[in-house]
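Okay, so here's the structure we're looking at.
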Amino acid sequence: MTVTFDGRVARSGWTLQVDGLDIDEGVTAVIGANGTGKTTLGRAVAGLDRLASGRLEIAGAVADDPAAGVFVPAHRRRVAMVFQDLRLFGHLRVIDNVAFGLRRAGADRAGARHQAGVLLERVGVDSAAWPRRPAALSGGQRQRVAIARALAPEPEVLIVDEPLASVDSSGRAQLRSLLGDSPAGHVILITHDPVDVATLAERVVVLDGGAVASRGSAAEVTASPGCEWAATFLGANVVPGRAHGTSVTTEGGLVLDVAEEAAGPVYVTFPAHAVTLHRDRPAGSARNAWQAELRRVDIDGERARVHLGGPVAVKADVTRRSADELNLQPGLTIWASFKATEVTIVT
Amino acid sequence: MSSPTRVRADPGTEPRPASRLPVPLTWVGFLALGLLLLPIVGLLQRAPWSALPSILGESEVLEALRVSLIVSLAATAACIVLGLPLAFVLARRRLRFPRIIRAVVMLPMVLPPVVAGTALLFALGRRGLVGQWLDSWFGVSLPFTTAGSVVAAAFVALPFFVVTVEAALRQAGDELDEAAATLGAGAWATLAHVTLPTIRPALAAGTALAWARALGEFGATLTFAGNFPGRTRTLPLETYLALERNPEAAVAISLVLMAVALAVLVTLRDRWMPR
Amino acid sequence: SSTAGSGAEDGGVVVMAASSLTEVMETVFEGRESVTPLFAASSTLVAQLVAGAEADVLITANAATMDRAVAEGSVRGEPVLIAVNTLVLATPAGNPGDVTGLADLSRRSLLVGLCAAEVPCGSLAQQALSEASVTPSVDTLEPNVRALTTKISLGELDAGLVYATDASTAGLATVDAPELHDHRNGYYVASVSAEPAPEVQAVIDDFTGLGSTGAEALYAYGFGRP
Amino acid sequence: MSSPTRVRADPGTEPRPASRLPVPLTWVGFLALGLLLLPIVGLLQRAPWSALPSILGESEVLEALRVSLIVSLAATAACIVLGLPLAFVLARRRLRFPRIIRAVVMLPMVLPPVVAGTALLFALGRRGLVGQWLDSWFGVSLPFTTAGSVVAAAFVALPFFVVTVEAALRQAGDELDEAAATLGAGAWATLAHVTLPTIRPALAAGTALAWARALGEFGATLTFAGNFPGRTRTLPLETYLALERNPEAAVAISLVLMAVALAVLVTLRDRWMPR
Amino acid sequence: MTVTFDGRVARSGWTLQVDGLDIDEGVTAVIGANGTGKTTLGRAVAGLDRLASGRLEIAGAVADDPAAGVFVPAHRRRVAMVFQDLRLFGHLRVIDNVAFGLRRAGADRAGARHQAGVLLERVGVDSAAWPRRPAALSGGQRQRVAIARALAPEPEVLIVDEPLASVDSSGRAQLRSLLGDSPAGHVILITHDPVDVATLAERVVVLDGGAVASRGSAAEVTASPGCEWAATFLGANVVPGRAHGTSVTTEGGLVLDVAEEAAGPVYVTFPAHAVTLHRDRPAGSARNAWQAELRRVDIDGERARVHLGGPVAVKADVTRRSADELNLQPGLTIWASFKATEVTIVT
């Protein structure tokens, strides 16, 4: 079963245009900068925004097709959504918020509450909080309730819009595995957390400016992120050049050895963590070595992301410890290298 | 970090600090309450307390009370049944002339009650626009019946309900409705389980306003439905007639009216609207 | 600063009159700047006087309200009967109910309206009907004549007992009912103060004196002579 | 994924799908609108169109219109000035007997207007509870003055404003007030720049309700303030008097009343309340 | 200047009790599991919740002292707050939301809007969005507006409650540096993001169950996290034992060598990344080596966190690559070791 999105959603002054996007079963991460249309995409799939043109299919059935005059309303789509702004029902107790979808599907009150309790336990909301109104919960507790509420009716498609943003770190691991094991056929996971992408996503869709910039497995998208933002997000370097056999000449004149043969204009992509930094010219097998100027270092926990200028603009991820050892400072001239086997060629 | 304010040292029962009101506002609020109460105190003060039992024991008064309750409650029910949909249409549908339609809804409020009653006769009376057909096709004639009183009371009370609820719907927005839809709630379920509970304060307010208006209604009912004991004579009519003969009795009957209103509002309204 | 007329002080005269006299009074006082008429139901006028309203002359549409004003001490002058109004049996134009006499009021198929017993036209009607041994099949007891005439003129009622003046202003058809001839209601005038100022007395005299313009206007309008 | 619904293929102008109303609800809404309009159509149909210009040209009618506008607008202003604080006190203060106080606020609504006027006389008349002191200390006497008409109209209209606004305040909560406080907004600034704008639909509704009620008010004004041309004779009183002598004129005057109300509501209300 | 918090905030059925917490200038991170009182602490400092007892001082002035009957209302405290649920003013344009605090401080409309525009640019909200209402923004854009709004009146104390939760990764770096450079004397940064703690916080306060579990510099708190949750969050191991000279005997009977002398009951704490894993008994200087049972492996991006059982329950962080090389599977028996110099002793 697949969700097929091929159409346009129009807002005043802004448009999301998605051409032939197939979302297969499993977890699909949707990433992109703020305001690129991730939430809009989710809303259209859920039936909260209408297509202005095109066609949306869910599991083989047409859900929205303005030309044919078909529109399946949200409540008939079996698509649940965890909203970015939560939208819990303020007048209902926490347990009844979660039981809401079950009740609508016909469960009796006791049964629905029982099941809701099971879910609340799974998302880590203490039973002391169940009879309270959402307003009497902390932010993270509320977000957990929102996740439980969307899971409850066992939807076919589960759209989660930054579901872990204010969940604490231990809860995150717990909820991640919950989402990974979700019985929903499709989980559309809108996220700004690279860890979500790395640990959960079987597929990644990159949105940029209201259009799909890239799609595929995490590795494919890292290789070909489609836009600057995603490249940074995924830690990929994208270097344009011209291929001749197994070498590529970059615009800056640097000749790189690659493991694949190609010809003509190509992009050489390789992850930031594949780049090694050295004080002196590296010995050994790595032929792709060059002298670069160190532009900036971003410390990110135990990891340091080093931005290099020179013949090619490249990012390198090193451990914080080696950054300290190398005494990396902006302005420094340093050797960079990567192995030919780490490279993907995109034509 | 200037001029700390001295406050009562009992934080447990203090309202949350941010919701504290400007002090003069509170004064004016209590002043307003006092002004509102003043005429009622005046009424209480002039009430013929000693004659009260005998006046209120009159079977006519009890009968008028019965009619009043039936008519006002039926009219309130009609206001809810008709007014809720109308409020939703006004708040949520794209209408062609929204301003005008919204203003038109309020027109029954500005008509002097006697004129409102006359207008109802023009429309639903035996020779009225629609009334003549009701009469000749179904043999239904509203004037001089309890049903007629209900129609008149509902006509004057409806705008209060509609306007209050419509405002609340606009304030509430549709975010929660969307959430309900993604959880499988159809239009009706969303209405019943999400939208209406969200605007509950306004629903209670609108219902109370409509009921109070219907209970106090007098001119339109009289003009449209007449005045017959046990059928169309409500407490306000009883009061009006008593004024002609024995003003003290009129004051006494008004007290009954107020007592009934107070009892109903205190027991019912806050049941729907817990703090 | 405060009230409608401060009587003798500025030479103006405030006349409180029953609202059924609106039109006549406006004719009578046409061009008399010093006279200010105020209209309301007789009972309302008395309530206002009791509450301290400043007026010089009170004209009520019945004896009971005037008596009450006197009893409350709001009116100190001697009330005088200035006109009477007779009950008539009125029907809508064309008499759709084929009413031929007072006895028809007991027909159940007819929609019949009377004034409520609490108001003068109602108590008069009750007297007349019981003297004529007619038990009317009543559908409504209107608290004022105006409401009753409106309903008859709109055809909502087939018949009713109203004052002759109201029947003629509203253009109602009347059916001759001899039983009603003796049943009349009195209009009374009185000075509010025990010793009225001359200009106040002049207004009262205008209605009480024989052949005075006010009284003539009343008769011309359809009221009966006392 | 069952039973797709066929819809108009014009999504650009469609409302958002989730805010679609149940279809029968929409029908009932329009039915209610029709019922509400029916008597007004009846009135229009019987209006003496040919005689209209002469009736409306009468200086008395114009004078009554002037008085009506002054009285109703002043009463509305009084309702806002007194009612806003009262609504805040009811919604945001911990009160000792909240249910009773909230019910008491609605009492003026259930009093038949004539009784309300009488109650005002008992309280503020020259011999009234407070009125006697007003008179002897300040030489102020309200009955039979325009100010008295304003007081009477405000007394009957105030509950409508208070109840509507109070409900909106409860619905709005105080989250945004807290945010304003952390940005340096004191109690007054929060009120003016955050709380009131947030409940704007209800403010507009409450104001419109109060104004319409004050404009149509008749019994209490007549009883308390009398009926003097150019001072206390409002359009509804003019209508009432016209009913005594010329019912057609009464209908004509009511039309003026409605036209004025429509004009004011259409131009003003939607200015405060853009969609 | 300091914020001194010494008191109790009471909710129905829940209490925050903070004893003598001094928050100095600069960025203080407040961390803790969901529902431990972080937001409540911030609200009390902002003047939105009252102390039930105790005393709060801001920059030397008493802000709340119920016993003395002193309470400085929120709007006089110069404490701005970015709320977890944003609370933008729906009736105001984006630009006027940001200008709000400036207007209250007396700026004229044009001046306030100008300054608001500068701030909006800095937080990365496109000028096309300025005249819109917040409802017409994406979630991340809204969060940026909330940050700009709180920064605008240049508060003395800036409380930011998970300010970057739904900001995209590139925006995060930008906003982090904005918060780090904030002219506010104090920034109280409530966060669930270890990167925020690592990159921004000069001081860390750990809350647990409505009380302060630990406080100090990031290193100090990592060494002595005060509760299980923070230990995990900060990647620290906390092992109870009994010290005698430079060795500590754990409850499980293992004898550990440490670099400090101590006596009596102590906690031995060391970061997870200080633990090395080996297939065979490690040679060399590391005396603190033992055989452990591998319980669970959490893959987190390029890092793997290995949970070990055995004589001591310990977490070890290794690269994903070495996890693959060692073929780490639950149930495996493996050698663990750490160097004595990596250990901190807490009594």
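As written, the chain order gives the labels A, B, C, D and E, with residue 1 at the start of each chain.
As a convention for this text, contacts are C-beta pairs under 8 Å (C-beta built on N, C-alpha and C of every residue); 3 or more make two chains touch, one makes a residue touch a chain.
These figures come from a predicted structure and were not determined experimentally.
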| item | value |
| --- | --- |
| Chain E reached from chain D - shortest hop count over touching chains | 1 |
| Contact pairs, highest-scoring chain pair | B-D |
| Interchain centroid distance [CA atoms averaged], chain A/chain D, Å | 54 |
| Geometric centre distance via CA averages, chain D-chain B, whole Å | 13 |
| Chain B and chain E, separation of their C-alpha mean positions in angstrom | 54 |
| Computed distance of Cα centres, chain E from chain C, in Å | 87 |
| Residue list for chain C, restricted to those that touch at least two other chains | 44, 47, 150 |
| Overlap residues in chain E, where contacts from two or more other chains coincide | 47-48, 73-74, 76, 78, 85 |
| Shared-contact residues (touching 2 or more other chains) in chain B | 16-18, 20, 114, 118, 121-122, 178, 181, 186-187, 190, 198, 240, 243, 247 |
| Residues of chain D that touch chain B when the two form their complex | 13, 15-22, 25-33, 35-43, 45-46, 81-90, 92-94, 98-116, 118-124, 128-130, 155, 158-160, 162-164, 166-168, 170-172, 174, 177-178, 181, 186-188, 190-191, 198-199, 201-202, 204-206, 208-209, 212-213, 215-216, 218-219, 236, 239-240, 243, 247, 250-251, 254, 257-258, 261-262, 265-266, 269-270, 273, 275 |
| Contacting residues of chain B [partner chain C, same complex] | 114, 118, 121-122, 125-127, 143-144, 222-223, 225-229, 232-233, 237, 240-245, 247 |
| Complex contacts: residues of chain D adjacent to chain E | 175-176, 178-187, 189-190, 193-194, 197-198, 200 |
| Contacting residues of chain A [partner chain B, same complex] | 46-48, 73-76, 78-81, 83, 85, 87-92, 100-101, 103-105, 149-150, 152-153 |
| Complex contact set, residues of chain C against chain B | 41, 43-44, 47, 64-65, 111, 113, 116, 118-119, 138-143, 147, 150-151, 154-156 |
